[in-house]
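Structures are listed in the sections that come next.
Below are two complexes that have subunit A in common, paired first with subunit B and then with subunit C.
For the complex of A and B:
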């Protein structure tokens, strides 16, 4: 069976299941199937996929999906020690959810939520030409639904824990009503040697003055394929603070479509990608400013060891009405080996005339002068490298805002600890 | 011979295929201060880097012994742990690493290497603050990333702070005086003099006699075109200050000075 035959048979299998879904959900799925039929999976001939070789996915799809395994314990991650309300998923199916949620907050299975309120389907992204989005809409069975009522501020974060070992199409919907305030954490992990395929889409709706701190730790197994599509809309004065740590998966793509539709919104989309071996991580973003006087910043830091590859394609699009936009984008990669590769393509598409836009992309090696300076003071080579790499990433980690200064410090330190452990392992393995 | 702290014999050094040091001989005993002077480009910094073990310099001939041990195979961190300190002519900026954190790593790495107990954060902080106070280095500066955004004078004072904290046996100070005003020069001079003990030695590389008013050298050498061309006592520095590196000047300028 070819990859596309395999997917088509998965899609027709899904048709039978969704026949029982409420009519709006059925219609929504049918549309998605139609769109997917129109595009099929992308290839490198598609501009948006020029740099990312999808052959590992094509090959994966010619084989039967891996058998789901039960993972004994969630591995430690940056959010393990944080007091949260947790929702645990196994291959996208909700297993367990904290029951003691405060008034004004719903955090539950999206499938259940759609059964209760089929009109929610209208809030889930179905536009756009992305085959992965269409595929997810056609196939996703479950995920998280989070709703925070107007003016409600949660005292603890909500943590989505995704344990994966087989193919999963995961769909999340996050709706923050006006002035709602939430910290949402996500962890993704799975067994080291299984080539499972996760395709996750998150729709995020931030109403006027809503605030979402959204931090993700992607630690999928090193043979996994991880696709993440974030579809966010920010209304006036909304504030999105995003940070993704990518350290897992053989091949991953973080694709973010941020639509800023209101004035004075602030959007931060940051990430640290630490890769080794033959890992590939593609970061693709479209920052669409559609209303005046909003701010966006994007800061990505890649540390690439072994033969790993970092890919960045970031488009800043400023529509004609979006005067006084301030949009910044910066990507820096540190290459720890001569075989590691970074490819970056920043793009601007600006139709308004009164805007501030800045973008920059660079890739280089550790500064030999700085390394010698540290060693001349007695710091061993491996430790000196770790210090310099940590400092390179710190600039980005330090941007994490949290809900309070204390919370920010807590999360930043937890992120640094995970990064530090990765570095220690990497420097020992590669002896670089 | 007695037990020299440092013994350099017929040292030839190349970088990128070009010979920079062409037969340097130098013996430094414990308790001594040696000044090395010489025109720009004569190889002074190269000599200091080679002593500290900077990669990229090839020793093509000769030897360096430090306290009876061949120094050349040792990596920079081992040399530092054994007591060699290089005060950089151009201290390197390290964004993202706070000066205090850096000093803690350096001090404890050296202690660990020597089999000594590591100091806790409090112990390091106390030690660093005591020395920083003497050099008029503020607590705020210690929180800032290493050398990042420091003025020229701040960088040089910070080098002396590192030396004071690390307590080396052999300090090589490469133009620590350049870019310092009179007050900073005195602070640096005092910091260096405080480390002048019978069991330590120093090599002070400088362009000017003025630092040598604060750190009175036992010996003065002139390095020119990769070789030590003259050696003498303190008076040689005064003479050079008056007359320039006469022997090294282009010939047509000599009559004008005579």
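For the complex of A and C:
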């Protein structure tokens, strides 16, 4: 059976299940199935996928999905020690959720939420051209639904914990009413040797003046295939602060589609990708400025060891009405080995004349002068390298500033610790 | 600052100022309309080409039939009917090529004089040797004798096929293979004329070489082929200029340029492209689909592309460098000015294969009216390119709120010792700078001219003197009035 046949049979299997869903949800899924049938899975002939080889996914799909395992303990991640409301998912199914949520906040299973209020389906996008988005809409059974009422500010973050060991289509919907304020943390992890396939889509709706700090730690097992699609809409004065740490999965893609539809909205999309072995991580973003006077910044840092590959495709699109846009984008890659590869495509598409847009991309190795400086002061090779790489990444990590100053610092330090541990391991491997 | 309404009107008015839009009344001889194997044979026979050349053309033609027109560029135009065009047009009586200037039709000489390219040798300034190509044939090549003394071969490609077949056989298609891309393959099948240059080892070409391309006949495509070979330790500076009459229909120009630089050789290739851009409503104009590629084959070789793109309804052009020899250098300096309904998708490719290869890209885009300008480039560092270095800078300037500026750079790094940097900005003329100039007594027009020239200076200074003057004038004409 070929990959597409396998997927089609999974899709037709879903049709029976979703017959019991409320009519708007059924209609929405039918639409997604139609869209998926129109495109099929992408290949490298598609411009948006020219650098990312999906053959591991095609191979994976020809085999039966791996059997779900019970993971004993959640591994430590940067968010483990933070006091927050937690929702835990196993292969996309909600297992347990904190019960003591304050008034004005709903954090629950999306499936339950859709049964209670089928009209929510209208807030979820399936109109993108992405096959992974349509596939998710057609197949996803559950995920998180988070709703924060107007003017509500949460005192603690909400933490979504995704433990995966088999194929999962996860769908999240995050709706912040006007002036709502939330910090949302996400962790992804799974067993090291299993090649499970996770396809997660998050729809984020930020109404006027809403603020969302959205930090993710992707630590899937090293054989996993992880696809993440973020579909966000920012209305006037809304504020999105995103950061993703990618350290897991054999093949991963973080695709973000940010639609800035209101004046004075601010969007930050940052990420650090630390890869080794034969990991491939694709970061794709579309920053669409559709309203005047909005600001966006993007900063990505890749550290590539072994035979790993970093891919970056970032498009800033400024529509005609979006005068006085200020958009910045930066991608820097550090290649630690002779076999590592970085491919970048920072793209600008500008149709308004009163804008400030700038992008920068660079790739290279550690500065020999700086390394010599540290060595000359008696610091060992590995430690000197770790210091320099840490400093290279810190510039990006230091931009995490959601929540209280204390919380932000806590998360920064926890991220640095995770990165430090990865570096120590990686440099030890290199020295062998 | 948004462009003020009067600025926008003034820019639109500038579209009227295409000064090379006249038609030369001259009897022409055409190949039958359309494209088929017979036409390819016809062109080859017209040129009295040897069998191997015809075979090569036919191979290209058969390949072309299987190819798809590329659709990835950010340009939008109606489907081209490749059967609705003449693939060969020559002024009558060109069965035998004129041996000297006296034999050339005076009407042709007057055309070139009107364009500011006097072909009579004694009238030439500063000693620039010119190969003048009119529709499908090379009219005349000047200063041949003088160049011959230095050992330089400078002739039309049709002559080269006859007189230097070994060299043509060896190098033609060695940089741009006949199956390279849709437009290049079409060119390989039907190319009519063009220029051939060979600089022998150790020779610094005593004068600038230049080709002037002119499309005159209606409904005709021009497909020229240029091949420049710089042997070990030689140097050549080559200039290319182009114009066409104003016509309502779109005409196709699909050229191929191949450069080969051997050890320590340097080729400097400058283009001022001023094909007819179409009128204010976007009617007519040249479709300029050009494949230009240079191969730095030897150690320490250098290829430098400088282009000023002001004409054509559509530009699809990516002059590239393959940096194969160790320590070789590639450069790309470009100014692309689009106005009215022009669309330009242009840029470069720098392929780093050898060690310590360096490349530099400076691209300036200026969009006005309802035009769209795109920079599309690739910097590729291969695994063996130890110590490769690239710096790319793309700046766009927008005048008016109906135009667009886009940047699509591809960067592929497969060697950790490489250093690759890319920067791009998009902005408009600064109100403050304008104010500063106005305050010091410059009128608005001169102030913008000054600022735009400053914006382009980095590129303009890489043009040879003769071209820099023409280019500066062109920048002025294209933006005349945008200075309001």
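Throughout what follows, the second predicted complex is superposed on the first by the 431 of 432 C-alpha atoms of A that agree within 3 Å, B and C clash if a C-alpha of one lies under 4 Å from a C-alpha of the other, contacts with A are read in each partner's own complex, and residues count from 1 in each chain.
As a working rule, a residue touches a chain if its C-beta (ideal position, glycine included) is under 8 Å from a C-beta of that chain, and two chains touch if they have at least 3 such contacts.
In this text the structure is predicted, and so the values were computed from the model without any measurement.
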Exercise. Subunit B versus subunit C on the shared subunit A, clash or fit?
Worked result: fit
Exercise. Given the touch rule stated above, what does A:378 touch, subunit B (first), subunit C (second), both, or neither?
Worked result: first
Exercise. In the superposed model, does subunit B or subunit C contact more residues of subunit A?
Worked result: C
Exercise. Touching A:305 in the superposition: subunit B (first), subunit C (second), both, neither?
Worked result: neither
For this session: Figure out whether A:338 sits in contact with subunit B (first) or subunit C (second), or with both, or with neither.
Result: second
For this session: Using the touch definition from the top, say if A:281 reaches subunit B (first), subunit C (second), both or neither.
Result: neither
For this session: Please indicate which partner A:395 is in contact with in the superposed arrangement: first for subunit B, second for subunit C, both, or neither.
Result: first
For this session: Tell me which partner A:47 touches in the superposition: subunit B (first), subunit C (second), both or neither.
Result: second
For this session: Once the structures are superposed on A, label A:350 by its partner contacts, choosing first (subunit B), second (subunit C), both or neither.
Result: second
Seminar exercise, completed: Across the superposed arrangement, the tightest C-alpha approach of subunit B to subunit C, in Å, is 14
For this session: Within their complex, state which residues of subunit C touch subunit A.
Result: 1-3, 72, 383, 396, 398-401, 403-428
Problem set entry | Complex interface listing, subunit A residues touching subunit B | 367-370, 372-381, 383-384, 387-388, 390-392, 394-395
For this session: Give every residue of subunit A touching subunit C within the complex, in rising order.
Result: 47, 320, 323, 333, 335-365
For this session: State the interface residues of subunit B toward subunit A in the complex, per the touch definition above.
Result: 52-56, 75-77, 79-81, 86, 88, 91-97, 102, 105-107, 109-110, 113, 145-146, 162, 166
